[in-house]
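Multiple structures follow.
First subunit A sits with subunit B, and in the next complex the same chain sits with subunit C.
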Partner chain A sequence: MRLHLNLRERARKGFWRALEAVGVERPKERWNRQPSLLRRALPPLAIGLLVLAIAWPVWATPRPSLLAALAIAYGLYLLPSRARKVALPAAAILLVVAYPFYLGELFKLPLFGPFPSMDTVVVMAIFTVMALGLNVVVGYAGLLDLGYVAFYAMGAYTAAWFASPQFAGQNPDGSYKRNVVFGAIDVPEGIGGFHINLWILFLVAGCFTALVGVIIGLPTLRLRGDYLAIVTLGFGEIMPQVARNGDRLFGTSFNLTNGPQGINPIDTPGFGHTLSDATGGFLPSSYLSCCNASFLNHQISSTELFFWTAVVLVLITVFCSWRLRDSRLGRAWIAIREDEVAAAAMGVPLMRTKTWSYATGAFFGGVAGALFAAFKGGVFPDDFFFNISVFILCMVILGGMGNIWGVIVGACVLAYLNQEGIANIGGWINDRFSTSDAQWFQVWSGGIDVPKYTFGIYGAIILIVMLFRPQGLIGSSRRKQELQQGVHDEPLYDSQAQGR
Partner chain B sequence: MATQARREPAFPLSRLPGVIPTIGFLFVGAIVLWLVINLAKTPDAFYDAALIGLSNGAVYGLVALGYTLVYGILQLINFAHGDVFMLGGMITTTFVGSVFGLHESESVGVLLYTIPLMLIVAMAACAAINVTVEAIAYRPLRGAPRLAPLITAIGTSFILQNIALAIYKERPVELPSPLLPNGSIFSIGGVDYTWNRLIVLMVTVPVLVGLMWLVQGTRQGKAMRATAQDADAAAMMGISVNRTISFTFAIAGGLAGAGGVLYALYFTSVKYDTGFTLGLIAFTAAVLGGIGNLPGAVLGALLIGMIQAFNERLTWGAPGSSWTTSIVFSILILILVFRPEGLMGERTPEGQ
Partner chain C sequence: MSTAAPAPASTPAAAGEELLVVDGLRKEFGGLVAVDSVDFVVRRGAIASLIGPNGAGKTTFFNMITGVYKPTAGRVVFAGEDLTGKPPHAVTQRGIGRTFQNIRLFQHMTALENVLVGMHSRLHGGIIRSILRTPGLRREEARAEKRARELLALCTLAGEEDWVARNLPYGDQRRLEVARALATEPKLLLLDEPTAGMNPQESDEFRHFIGVLKRDLSLTVLLIEHDMKVVMGVSDHVTVLDFGEKIAEGSPKEVQRDPRVIEAYLGTGALAEGRR
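Showing the complex of A and B:
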């Protein structure tokens, strides 16, 4: 970092010296006398034009859309800082929401290939919610949770139980009883089981998962950090096994999870005909049978509807994390993370605060799990391995523990890599090095299966980030101090936690 | 060890005197009753399971000793330990397959020199791997919060798994079976106790004794105990803390290598992710026996091995092998919540 700053300083000094050398008198002083808007506006413009001038011959015709995007970015940059604070997130949200409309226009990136497809973007958004939830536990409260996938699984199964034919009781004549239908969209006649409206279920799944989080947390949160990690890991391992063996729970004939086949189909989300007609078709009645609407010459698909739903969920999660972080509770979490004993001495109720962080994280994990189940149209126990816990943890660490924007970036990058990126990079590497004509460059033959090593790559990411930039890509400065200077060591038990 | 383990359990129920011990005794009593009923119903299955469990436990014990040693000195759960163990097993498969070309029921004379050779190579390789892991992933994070090395440990675990995946591919590497002689030594209730099971025990027990001597009776062991107790004070007394920690990792890696050799020879199948699950089971064993406590680790491992074998092999009321992981982790959670100091109490060989 210091080297980098030095280079920048040196480049600046060199620039002024160069100007002096060509005969401009005291360029720095004269420059500093200019109005601040000009001083802010000119350098990026000059650099941009320079780059454009160099790139023009190589890159025949830059797309007008790219130029427009650059111009808008430049305009945002010029805004006064108070306006920018509002305009920048607004522009980012707009950019994200409009993604389906300009996805087809985007160019290919050199190494990563095409921009993420709609399916990938939905997964990225859902994983962002999960990573933000885990960030509350790991980033804010400093409790290492290695079993976050358990909450994700709980949420997914809650949605699946109450919006699928899973618990369809059979009548004596062999037809299915329809047990409970409440606001479900497009459930065909003759299918049994619970069918509750999925919007309600998202909330129910979140609350139920939070409750499970509290139940798991109450006895275990007393343990010291690394013991807590191993206990949560244990829960994360038990949960998928229960899901896999849950078709005949403990030898009884009760089918809880339908075993390795998983539960499908799950109902589709939607707003129903009443709401759809009342809003003139703006809210689709059902996500799967929606798709004759078009907007700006763009045929809207059900994946895009899921995408916007997930984006709304991400926005809600971001808002909650942001407000929670600055709340009394959030400050208590940070206090506990930094020094548990001091926090307890200052009157922070350790158990209650930790349990709240656990419940909050679990809530978002559950909601994200339910949305993911609805998006995939089913839940399968193989989706809930320990790997996923580490994957989400990796997002939080890579982006920067405790920093909302960092976690969003980390989640998007890693979810993209997992869905498409690593396969694309692998294809690129194999194209280049495995079948290339340059013989001395041919390191191996037949290509390597890069996606096979996905988790090795994540392991390397975790290791490198923790060793060289422990605060993450976009880390919070507070966390950085803590990670580099160390904190007070924790005792085996928090002795203050007794009786709270 | 800098643990301030308190005698009373940390659960609110502990305010009612005697409730936790009562529940505990009832629970253990129910298990004993279940075992007795099984013994009465199918004695041969019971003996079979007990003997298998003893041998499995002996393998787990070697891995658990490594966890306990590292935890005792650094208070770090070395997640990569199970994968070092797996690499030891993989090295053995290479030796059995391409170097010696052993086949089923090899003569005792050949085994007498090949197995020690494999043990030496695998132990040395695993010790080197473990020391390297420590130097790269843990040493730079000495002053960082506790969770930092734990996170790098997980990362290292994945990297080691993928190294094995790259070299040995996804399929389990199968060895000719049975490789060790499986003639009967004696039999209890119609169940034979075979040589291969005894060989496993014959490695674990001397290793435990030797390790206890090392920790209690040698200068290096004294340095280890001092470092575990207070690293700063040990450094002031002229102990090279980093070298002592490296030594501990080397010993732990050697144990993992020995465990890997035994596992490969005894179970005759190793997969790139074998180490992860088995490592967690061994860690549970270390916690069950009392982490930081060497005989405790072996005792815990034997218990866990027996529990696993009973669960998988008994016929009356056993949940079956599909629940093994859940049962082991339930034990881990229960132990951590109710008796975190483990069965063997708080006394630890490092820093009593």
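Showing the complex of A and C:
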């Protein structure tokens, strides 16, 4: 490294000496001032040109929209740092929200293939909410939770119970009982059961899951570290088993979860005709029957509506995470993570504070689960196995524990890989090395089924991240230091060793 | 400001004067009796010291008062309220602040954040208000930050608010621990070997600092200390523990002359030699 710096320094000096020799005056060093606009403009311009040069063949005909996007990004970079603080997130949000409109225009990436489809980005957004929820538990309060899927399942089933024909008993004449209908959208005649408005249910699912989080938390949060992880692992296993075997709960004839078949169909979210008409059709009356609307020459699909809903949810979650991190409660969480005994001695009630983090994490898990259930139109117990817990934990670790932006990146990357990324990469590899008309050269025949190795690939990714960047892709600086230098983990080492 | 020389512990003190009353406190770890039925009184406004050789049970005694350990027997009464068996945060809430023998700051938080955590039980922002950041909450946070800066300034840490705790010099870390304990608004401050590892100059400064605390904040202080210069310099009242038992107490001078104390510190042989 030192050699490298020396070479660079020497090259710089030599360069200026050569220029001075031909009469060019050397500018004075201005290290303490904001560099000039020109200087700031140069490096990204160079990078941009490089990217253009490499990617030119990818989109054979130059597209003005892409060039415009590049120009805007470049403009943002040149803004003064204060304005950039507002403009960058705003631009990012705009870019995400507008995704359905320019998805069709996008080119194919080498190796990764086409950009993620609408279905994939909905799943990515929902997993982002879950990862942000888990981040409150694992990243902020430092409580290792290996059973987060329990909250996800809880939220999904809550939505399913109250917006489906699940609890429809039969009337004496054979028709189904309508238990309660409250603000549900487009429930056909002849379908029984509870039908509560899904917007209300998202909130109810969150609150109910938070309550479950508190109930699970009260006995388990007394444990520390590894013990807590094991117990949460247990709860994470119990939940899907209950879901799977809940069609005759405890041997009674009561059907809670409809067993392995799962519960479907679940009602569609929507805003109803009144709201839809009042806003001139801006808010769709129902997400499924929406889709003769168009906007900017773009036919809006129901998946896109789910996507925007999920994005709003992500924004709310980010906002809450951010506000909580900088609050009295957030400080207490970090204090507990750093040193439980000292935190308690400073007046932080351990159980209550930990339970709050559990409840907060559970709330977001529950809302995400409910949205996922609505998106899929049903809940199935096979969606809630242990691997999902690990998967969400991986997102948090990969992105960077405790860092909101890192967790978003981690969640998007892993959810994308899981949905289509790995299959695309597999296809790309097989195209080039496998078939007899292999594009490059044939190494094997018959093709390899890359998605089969998905979990092996995640394992490798986590291993690499842990080895080379233990704080995650975008880690919080505090977490990085803790990982490198350690925290007080032993309970009251001082008194036991010395005071006896 | 300082109270008159305290009466010997054998005579019961006047009611209302006693801030902390410890009655027959005992702790057993398995077969080991770490603290053996100790009676102990700290008077309001006094600086009391607890001394004793290594392993005498001083820190265990502290941990029982602050709720970290549950005593095997005995009672802890603070300002007329029985605190025995209460969890640490409840003890802190009622006005006992403490520091630790080996510094236990939140090492990766800034000095200011450390002090703000100390204020936890004096602030009220709940989860909903924190998310909405209501005007009331903003005012509370602003007040808390102002107070935290004042406390840091009091502990001569002004200008180091944004330093990460672990990067502060050793003496500053000790004082930051005191600032954090003061943030809990204690009536009684427990300092567990505050000058351990300090050089003579630093510990002199610290001795002065304890005097300032007593004068400016009218605090009651209970001190565990090994540095006899500090103990004898600041204490109004000294209690000596050895093998978990209280072997002497009284004014610094009385304790210094007590043969059992000399024996505990220097061994029986030394005493015998001294007599010869």
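Quick notes on this one:
To be clear about the criterion, the second predicted complex is superposed on the first by the 427 of 500 C-alpha atoms of A that agree within 3 Å, B and C clash if a C-alpha of one lies under 4 Å from a C-alpha of the other, contacts with A are read in each partner's own complex, and residues count from 1 in each chain.
Note that in this section contacts are C-beta pairs under 8 Å (C-beta built on N, C-alpha and C of every residue); 3 or more make two chains touch, one makes a residue touch a chain.
Being a predicted model, the structure only gives us computed values, none of them experimental.
In this overlay on subunit A, subunit B fits alongside subunit C without clashing. Rounded in steps of 10, the angle subunit B-subunit A-subunit C defined by Cα centres in the superposition reads 70°.
Of the two partner chains placed around the shared chain by superposition, subunit B is the only one that A:235 touches, whereas subunit C remains out of contact. Applying the stated contact rule after C-alpha superposition, one finds that A:349 touches subunit C and leaves subunit B untouched.
Comparing subunit B with subunit C, the partner in contact with more residues of subunit A is B.
Distance between subunit B and subunit C in the overlay is 9 Å (nearest C-alpha pair, rounded to whole angstrom).
Comparing which residues of subunit A touch subunit B with which touch subunit C, the overlap comprises 482, 485, 487, 492-493, 495, 498-499. The touching residues of subunit B, counted against subunit A in their complex, run 2-6, 10-12, 15, 75-77, 136-137, 140-141, 143-148, 150-152, 154-159, 161-163, 165-166, 170, 276, 280, 283, 287, 319, 322-323, 325-326, 329-330, 332-333, 336-337, 340.
Taken together, the subunit A residues at the contact with subunit C in this complex read 319-320, 323-324, 327-332, 334-335, 338-339, 341-350, 356, 360, 478, 481-482, 485, 487-488, 492-495, 498-500. The touching residues of subunit A, when paired with subunit B in their complex, are 142, 144, 146, 219-220, 222-227, 229-231, 233-235, 237-238, 241-242, 244-245, 250, 386, 390, 393, 397, 452-453, 455-463, 466-467, 470, 482-487, 489-493, 495, 497-499. Across the complex, subunit C meets subunit A through its residues 29, 32, 34, 54-55, 57-63, 66, 68-69, 87-90, 92-93, 98, 100-102, 104-109, 113, 116-118, 120-123, 125-127, 130-133, 141, 164, 166, 180-181, 183-184.
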